[in-house]
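Take a look at the following structure, please.
Per-chain numbering from 1; labels A, B, C and D assigned in written order.
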């Protein structure tokens, strides 16, 4: 096949967000995946990952649901499952970890699912997957993403370390590397992994406002022209709830919030519309600077 | 026909709880050669040992198997008992029913079956034991102390005061160690240097102590009582005899901007320098990386200006070899490096410092003369935050253990701060307060009650800068688990105590064992805390585990007594576990054919050539001979010998073979 | 052949040596060891393709030694044996004189250095047939190899001819004769035979001069020499040391390098 | 209905590292399978290759040999000599048809209590899967002793 890069196949668990609030994440993800010749194999008949309400209410449910997803993936012959939503990722990974380390929970879950659990597929987050194909990105960049951005990881991608085992818990860098790979600059700031309020996005917007304000304040204070995220909740909290946030700031902020997939998409020269940039509440616009559109001859 | 007695220990429930000891005793009675087998709650107890002694007498036993804990634990105990009972101590063997059986297997028939096997193995062995006599070797009554911190200083003085000479080796240019950097010491708040420097001077003056500063141990050969230590004296590039420590050289040295290690980089020093004013010896050393002459071949300012003409640019390292009888390891600790704390901005923000830096700030001899000024701009911090357990008890940081000293020195730091900065606000984030020790908890209470230090029970997630000020983000787990944010002028991390760099290599040079964190391992956690598993090598201070000053000093004195005890004997008796070459009546003389392939296999050059002569003195045959003074009993020669002419006492071919055949 | 005879005459007549160990006519084409004490018997000595046995075995026999200084007709492997025996302090320079038969000519080698120089020039690869056989065996599966050796060693009658013919098996008391403990059952049965040949190979690893005399000596034709060849080959491959190269001891099994391979150790 | 096969495992260990490590396994109460019988020697240098062969002919189904890591040897170099001996002996055993999966070589230090437990379990499981070592045991009974 062209460019000699083998097609990379990986299991794909969309979860609810990517079909609802964060359709733009899904759209950009699929476009970028295609461009980087990654085949996303959706887990057949997937169910809820057991996040938010699930693990607030009942531990067993919050275990059984994600394990059921992984079992289906395994049945479909997938050895790895990528969950773009940080919350889905965290649920799947946590459940997998607990099954692996507590025979008791394993037995319990096996009982309710009426099956025996063998070797479950590995769980990846979107950054892990992209980092894996980082070397494919560089050569495909047609339009350098020449912005200075704040990479915001939130809490669920890197914590708890023993479950995720991904990147540096306190000082993650994978997203920064990806941004750099498409020509962007990243700021050294302090709220990389702070909480954004997650699912309070809907229920307790005041909390989101308070937490978000801190995040935006630091990012803008350190001259970020955009915030880059890899989590639907981070995105909606900082984008959808910008009003709430700005109420708590003396200096109102208007910098856009992009998914890492959208950033890469832009650099690969994909259409802003198809990347779903139009769906944002805070319009995606950058301070005017000579954006040299690379002429491909 | 041997008469073996088997004594099975319950070790309370430790063994009896898992192994059916009665069944083991019964099975033992059926083993050929066993004439007596009993079980008892605690064999190592006095009544237990008496039982053993009586049995030896009454049942006329000639061999004893004690089935109890690991021989590494109680073999000496029971061998002594056997001797008191009237048989040769080496007619006693131990079957390890605890560490190797009851503690590692589930209760049940297979476990008991294994216990029986373990007993049988030892029965078969002991039947083939021969009475052995301990080996006598001379002792070199001179001690080597590695490390010139308070541990090494104390040990050296205590040993020297018993009348034995000591070599004190310190890798840096002066003795004193970490303690010389401390400001004041808990729980009494007396000035560290005030109590330490007299000791340092005493060491320098002591007629029996030879000081090797700026020196390192290269090699240690030999064994207890008879070590050979190779010491490298690094070249100071000055003639210590001529130098009078006037200090002109450091004043005149053109290179002045080198971060001063003693002040933890809070001040600068010259390229030729004495680490600190009270240094012992008070002689400078030239830092080759930074000296202009060694970099560019020009300068020599110090040489020109030295009033006593003591500078020696051509001075070389010197190697010295010394015979010593005992070694005390006192190489101390280090604290966790900067790179491990990105979340606290340690190394990123000037005003986030570690405990040792704070000691220098608070020290009257420090760069600020004891005034608490923050590194960035020299302002006095009005609010200061201390973070205890920075790295300690944190698996992610690879340090699951408690660093032990931080609770106390952090309380001390906060207290000193409150004393020096009136109206200042000090907050301490902590997990637990571990203030076990004489007057320790009282000390912490004082910090809280009298000096108004604020203790917040919770972890800090992040320290970041906001508008030029540090913000400490943490949680208070006691008051409604609230998130707390403190805007601080300075942050002090109580960084974890870790094993000294190069500890592992040193342990390997000395053949002492070490734990997963590279702290040197004591021979027994409770009963032999200052000994290592290598006879004649002892431990003092934080090289074994995190320790505070009182503990370190106590342990150093303990180690010193062990050394003194060793030196108090006229000669050394060593385990007779050594190789011997067989001797036969003429005309064979020995099964050894004198090929001497064993010679190069011996790690101790213990194998010598012995010519066997007839009356007229002409050589009939040359055979191998083991020097019992040198042989350490590894047995490598035994398995190299084709004719089986060499055998190892205590682990003879016959014994091992019988053990194997009994399984 | 005349050259050898005259050299032997000269040596014996002059009393330089008391005995010449060499080859004489055996039944048919075979050649057998002979011990020439007097110049007039020197013509019994034979040199031809039939002279293959490694006579070095006799250099350590007390009966022969008792005669006085020995000259020995030496094929390359004999020269190697001399060096190895010297390294193991079993032979002194003044006790032996080698008459090396190299491509027809006779070379008198009075010193170990001379022997070393000579041997250095001669390739010491094992015979093609033997190498083929070893390759064939190593290509087999473990169980096939076990079957092969079970079959071969099953025929062993423990006559110890292999031991007796080996110049390196000079021990006065062999492990086999050691009975406290009785490491290896005396009787010739399956396990004992396996253990015996294993021990023999191990004891020769790093010392074997690869003359193959042990194999040739076996009355029932077991290729026992393949075992010692194989063990020796491991030593050469892994440690780059070998038996019979020098009169100075360099025994692979009692020396080591800290970075020796250890991929098989967990 | 015969009992399920339980392998007979024999371990030759050095006193200073592996034996001490096994003691640590005990003091840390880490459980492992009880098939193994340990024979304690001062040093791996003392482990005669013949012991391994004898263990098999005596009826062991598997053998474990363990000592100090390189550099850690209490006797400085006993383990280095042992390592060479093992290297040659392994090749020879293989050449003579001994199943090397039944022989486990390892370094277990005095601090590696957990490793000892793992080692024993893994070796025991491997051998259990292989079944009794009939091939050699039959040879032994075929004999006269």
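Everything below uses one rule, namely that a residue touches a chain if its C-beta (ideal position, glycine included) is under 8 Å from a C-beta of that chain, and two chains touch if they have at least 3 such contacts.
Remember, it's a predicted structure, so these values are computed and weren't measured experimentally.
Among the pairs B-D and A-B, the greater number of C-beta contacts is found at B-D.
Here the spacing of chain C and chain D, counted between their Cα centres, is 34 Å.
Per-chain Cα centroids separate chain A from chain B by 49 Å. With centres taken as mean Cα positions, chain D sits 50 Å from chain A. Within chain A, not a single residue touches two or more of the remaining chains. For chain B, residues that reach two or more other chains under the stated contact definition are 601, 640, 653, 657. Residues of chain C in contact with two or more other chains: 175, 183, 253-254. Interchain contacts (touch definition given at top) occur between A-B, B-C, B-D, C-D.
Within the complex, the chain B residues that touch chain D are 70-73, 96, 98-101, 103-106, 110-111, 113-114, 117-118, 121, 508, 511, 513-516, 521, 533-534, 577, 601, 603-604, 632-636, 638-640, 648, 651, 653, 656-657, 659-661, 663. For chain C in complex with chain B, the touching residues are 88-90, 170-175, 178, 180-181, 183, 203, 249, 251, 253-255.
Residues of chain B that touch chain A in their complex: 342-343, 396, 462, 464-467, 471, 473.
Touching chain C in their complex are the following residues of chain D: 49-50, 53-54, 57, 70-71, 77, 80-81, 83-100, 104-107, 119, 135-136, 138-140, 142-145.
Contacts from chain A toward chain B in the complex involve residues 161, 168-171, 189-191, 194, 218, 221.
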